[in-house]
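As C-alpha cells, here come the structures.
Presented sequentially are two complexes of chain A, the first with chain B as partner and the second with chain C.
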Partner chain A sequence: METVSRKNQTWALGIVLFFSLVSIITYSYNEYYIYLSAYLWFGFIYGMCLQYGRFCFASAFRDLFAVGVPRMVVGIMIATVLFAFVSAFVTATGISTFHSSPTSIHSVIAGLVFGVGMVFAGGCASGSLYKTGEGNGVAFLVILSISITQAMFVDVGGWLNKLVPASWTESALSKGLPEGLDVGNGWVDQYLAGYVWNQPVTSFAKMLGFENESFLGAYFGNLIVGVVVPALLLLMVVYLFYARSSRAMEPGGGTGGGIGEDIKGFWGMLISSKRTALAGLILGVACGLQMFVMEGLRIKFGVRNAGEILQRLGSDYGLSMRGTVFDPGYWYVTTQEAQWVGWLLQKLGWKNMDNIFFGYINGIPNPALNPADWMSLALIGGAAVMALMSNEFKFKKPTRELAFLAVIGGALMGVGSRLGLGCNVGGFFVRVANGDPAGWLFGLGMIGGAFLGVKALNWWTERKMEKELIHLDL
Partner chain B sequence: MAMKVDKKEEGVYTLDCQGYVCPHPQIYTKKVLEKIKSGNVLEVVFDNPSSSESISAMCVKAGHDIFEKTNTGGKYVFSIRKK
Partner chain C sequence: MPKSFAAVLLIVAIFLGYLIGYSIPPFLHAGVFSSREEKGVAVEIDEDMEKYYEQLYQQDEDE
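After this line comes the complex of A and B, so read on.
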C-alpha cells in the first residue's frame, strides 16, 4: 500500500485544524455558535463517510445500466436499511425531526428529471459535494449549476406563469398565505401551494394504522414494511437481472444448482459492497445522532429553529417571514445550495423573498451564519481529508465537454430537487429510511431517469469512441 | 484532456481517461474491451477514484484479468487482459 506523503498529511491536518479553530473561536465569542459547529462536525463526518464509501447514488443506478455492475446499488440499499434501523430508534424515542412529504406522482417526475441530470453530471447532489473535496473541478461546476438553477427556479414567474393550471393558481391563492408573498406569481409557488400541499402526507406506519412514534409504527410499519421488504425486493430483482449471470464466472459457479446456490449467490452479492455498507452504517448512526444533538441543543437554548439562534447572534438578515431559516437537524444537501446563491442574487438586487421557498420557509441567511452551509462546507472538507489520507486527492480542471455536461446535469438536478422537495439525500435516502412512501416514488423516478440518462450518454460516448478507434486496426 | 486510445505494441493498447469523471472511464473501458481481441491487454489510465471500484467489479463480472493496479498521487493505471 502506498504511503501517504508528508504534504498530504499536512494539508489534512490543516483542514482539521481550520475547522477546529472555527469552532473554538466562534464558541469563545458566543456560545450559540455551538449550534452551527454541531452542523459543521456532522458535515465533516458525512464527507469522510461519503468519500470512503464512494457513496454516490448516480453511480449506483448508472453503473448498473451502463456497465452491469450492481456493487453500488447493493451498497446504497444496505446503507438505507442500516440508516432506517437508526431512524426507527430515533422515531420511537419521540425526538425525530423528520416530517413526511406529500405523496403523489410529482415525486416520480421529480426523480426522473433528477436521475437524468445525475447521469449527465457524473454524480448526484451529495456525490458532487464529496467529489469536490477530492479536487474535482467538474463536481464543483455541478454544485454551482445545481445552486444557481434552484435559486432562480424557485422565484421565476413571467412566461412560466402561463404554464400553471388555473386550478393550481386558485388553490394557491385560497391558502391565505401572508400578503408579503406573491403567490400568484411564480411557477414553483403555485406548484407548491396549489398542488403539492394538497397531496396526502403519510408514512408506512400510518398506512398500517400505527402512530409513527409507537414501537410497532417505527419498527414494523416504517422499518420492516417501509424499508426492509421493498429493499429486499429491489435487491432480488438486481440479483436476478445483473448478478446471477456473473456467478458463471466464479470457480464452481453457475446459474444452475437450485435455490441453495441462489441464496449463496445473493449473499455473495450483499457482502461484495462492504465499503459502501460500512460508510452507510456510520452515516446512519451519524444522522440519528445529529437528530439527538440538534434537538438537545434546541432544548438547551429554548429555541425551535436556528432562526432564533441567528437573532440571538445579532443577525436577523434573511430570516423567513416566520422568523425561521432552513434547519433540518439532519443530513441535507440542496436547500442550502439554493440559499447561498439566493443570498448572492439578493445582494445583486434580485427581490427573491416574496416566494414560498425563501420568503416563507427557508429564508436566505448570510452563508457565513447558515448552519446548513456550515454542514456542506465541512462535508467537502471531510471528503478532502479522507481523499488526502488515501492518496486520492487531485485537482482536476474540467474539460469543455465535461463542463457542458456538468452544467446541463446540474441544472436538471436543481429543477428535480425543487420539484421533489429534496435531492437523492433529502428526497430519497432520508425519506425512505424514515418510512415516507414519497421517498420510494422519488427513487422510482430516479432509477427511470438514470436509465434514460445512460441511454443518452451511451450514444454520446459511442460517437466519440468510433472517432477515436478509426485509426486503430482492431 | 480528451480521451485517447492508442496501440502501445502488438496486442497492447492504452486508454487514457485522465480528467474524466464517472461514468466515462468505466464506459470507455467497457467499449474498448469489447473491441480488442481475446488475450490482448488494455492499460487504462484514469484519475477518478470511484472508477477504480467500478472497473474492477466490471472486469470480475466479465471474467477479464486485472493483473496490475497502481495509484500514484491519484493517477491510476490498471492493466487488464481480456478474457
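After this line comes the complex of A and C, so read on.
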C-alpha cells in the first residue's frame, strides 16, 4: 500500500469513528438499536469490499463488450461462486434469511432494462454506491435517479393503467388484498399482484426434489447445479469468445497447443482477477455472517421483521399495513433507495401508501430509522474509507453529458429493479448464490441489456466524433 | 499497512465480533444448533395486530 497522506488517514478514521459513535450512543439509548447497527456494520464491510474489488457490473460488461477485456466479469463470476459456497453452508444450517423470488420471463425483461441502464449510467446499483464513496458526482446522480424513478414508478397509475392486461387486473383484484390498497389503480400493483405473484417460486434444490435445508439440496442442488455448473459454462463462453482470441495476439501466446494450452489459458484467465475474487470471497463470508447475525437478533427479540423493532422504539410512522418495513436480513441496494424518496414524497404531500410496494410490503419509515438505509449509508462510508486509504478519493463534478447519461441510465435501472424485484445485487448476485433460478434469468437479461447498451453508446460516440471531425475540417 | 488502516480494521472487527457474539446465545437458547426438531421461534403477526395497522393507516388518510 502506497503512502497515505495524514489528511486522508484523519478523514478515514473520522468516518469510522462517526459510525462507531452512532452505534454506541444509540445502543446506550435503547438496546433495540443494535438491530440497525448490525445493518450498519455489514454495510460498511460491503463498501470496503466493493471499493477494493472494483465490484461494478457495468464496468465489467462494458470492458468485455467494448474492448474485449474479461478480467472483471471473471472476477464477478468467481465472487458469485465463492459467495454461493458460503450461502450453501448458511442454508444447510437452517439460518438463511433468503427467500426465492417468482421465476418467469419477467426477470429476463427486467434484467434487460437494468443492463441497458447500467451501461448508460456508467455504474450498476452497487457500483454507483461505492463510487459515490470515492467522491464521484456522476455516481451520486445515478443513485438519485434510481431512487426517484423507483419511488414514482411504484405508485403511478393514470394512463399507465391502460397498458395493464385485463387478466392482470382481474387476478390482482381477486387476491383479497386490504381495502386500503388501491390495487386496481397503478401499473406496478397490477403487475405484482396480477402477474408476478402467480409465477412459481422455486430453487434448484426444489427442482431436483430436495429440501433447501438438506445437505444435498444446499450443496448439490443449489451450489453445484445452480451455481458452479452454469458459472463454469459462462466462463468457458467468455474464454472462447474473448480471452482466447486476446491471448492469441499476445507475444508467445497462441491457441495452437491443443487442449493443454486452452486449460492453461483458462486458468490464467481465472487467476487474472485476484482482487475482485478476494473481495468477492470476503463479501460472501460477510453476507453469510449477516444472515446469521440478523436471524440471531430476530430470535433474541422475538420478531420476524424490523417493523416490530421500530414500533418498540416508539416509531410506528411509515410502517406497512402489516406492520412491516423492508428488512431483508442480507445485502440489498435498491429498495431502500426507493423508500427514502418515498418518505420524502409523502412528506411533500404525495399519497403513496396505497400501493403494494410501500403500503403492503416495505413501508416508508423515517430514513433515520430505516435499517436498510443505515446499511447503504455505511456502505458509502466504507467505500470512502477504502478510497481514502488507497489515495483514490477525489471529488469529481459531472459534465453535462455524463449527468444526462446518469439520469437516463439511473431511471432505466430504477424501472428494471422494480420489474425484477431487485438490482444486480438483490436480483442477481444474492439470488444466484442462493440457488434461485430467477437470479440467472435476471442475469441473462442484464448481460443482453449491457451488450445492447454498449452498442448504443458506441454508435452515439462515433456519431458525435464524426460531427466534431466535420467541424474541424471546416 | 498504515497504522490508521489497521485501526480501521480493528474497529470493524470489534463491532463485528460483538454482533456475532450477541447473536450466538439466542441460537443456542432456541435450540437451532441442537438436535431439537423445531428450530427457532415462530413469530407471526396476529389478526388483531394486522387490523391495528390497517386502522392506523386509515386514520392517517382521514387526517
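The criterion applied here is as follows: the second predicted complex is superposed on the first by the 458 of 474 C-alpha atoms of A that agree within 3 Å, B and C clash if a C-alpha of one lies under 4 Å from a C-alpha of the other, contacts with A are read in each partner's own complex, and residues count from 1 in each chain.
Simple rule for what comes next: contacts are C-beta pairs under 8 Å (C-beta built on N, C-alpha and C of every residue); 3 or more make two chains touch, one makes a residue touch a chain.
Bear in mind the structure is a predicted one, so any value in this text is a computation, not a measurement.
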* To do: May I ask you to decide whether A:95 touches chain B, chain C, both, or neither, giving the answer as first, second, both or neither?
  => second
* So, does A:353 touch the first partner chain B, the second partner chain C, both, or neither? -> second
* Which partner does A:387 reach: the first (chain B), the second (chain C), both, or neither? -> first
* Asked: Is A:325 touching the first partner chain B, the second partner chain C, both, or neither of them?
  -> neither
* Mind working out whether A:34 is in touch with chain B, chain C, both or neither, as first, second, both or neither? => second
* Asked: What is the contact status of A:63 with respect to chain B (first) and chain C (second): first, second, both, or neither?
  -> first
* To do: Return first, second, both or neither, reflecting whether A:151 touches chain B, chain C, both chains, or no partner chain.
  => neither
* Asked: Across the two complexes, what residues of chain A are contacted by chain B and by chain C?
  -> none
* Can you check the complex and tell me which residues of chain B touch chain A? => 1-7, 13, 19-24, 26-28, 30-32, 35-37, 47-50, 53-54, 57-58, 60-63, 71-75
* Structure fact -> Listed in rising order, chain C residues that touch chain A in their complex are 1-2, 4-5, 7-8, 11-12, 15-16, 19-20, 22-27, 29-30, 32-33, 39-41, 43-45, 49-50, 52-54, 56-58, 60-61
* Asked: Which residues of chain A touch chain C in their complex?
  -> 1, 4, 9-10, 12-13, 16-17, 20, 23, 34, 37-38, 41, 44-45, 48, 93-95, 178-180, 289, 292-293, 295-300, 302-304, 316, 319-324, 351, 353, 359, 385, 389
* Structure fact -> chain A contacts chain B in the complex at 2, 5, 54, 56, 58-59, 62-63, 66-69, 71-72, 119, 122-123, 131, 134-136, 138-139, 246, 249, 272, 275, 387, 390-394, 396-399, 401-402, 454, 457-458, 461-462, 464-465, 468-469, 472-474
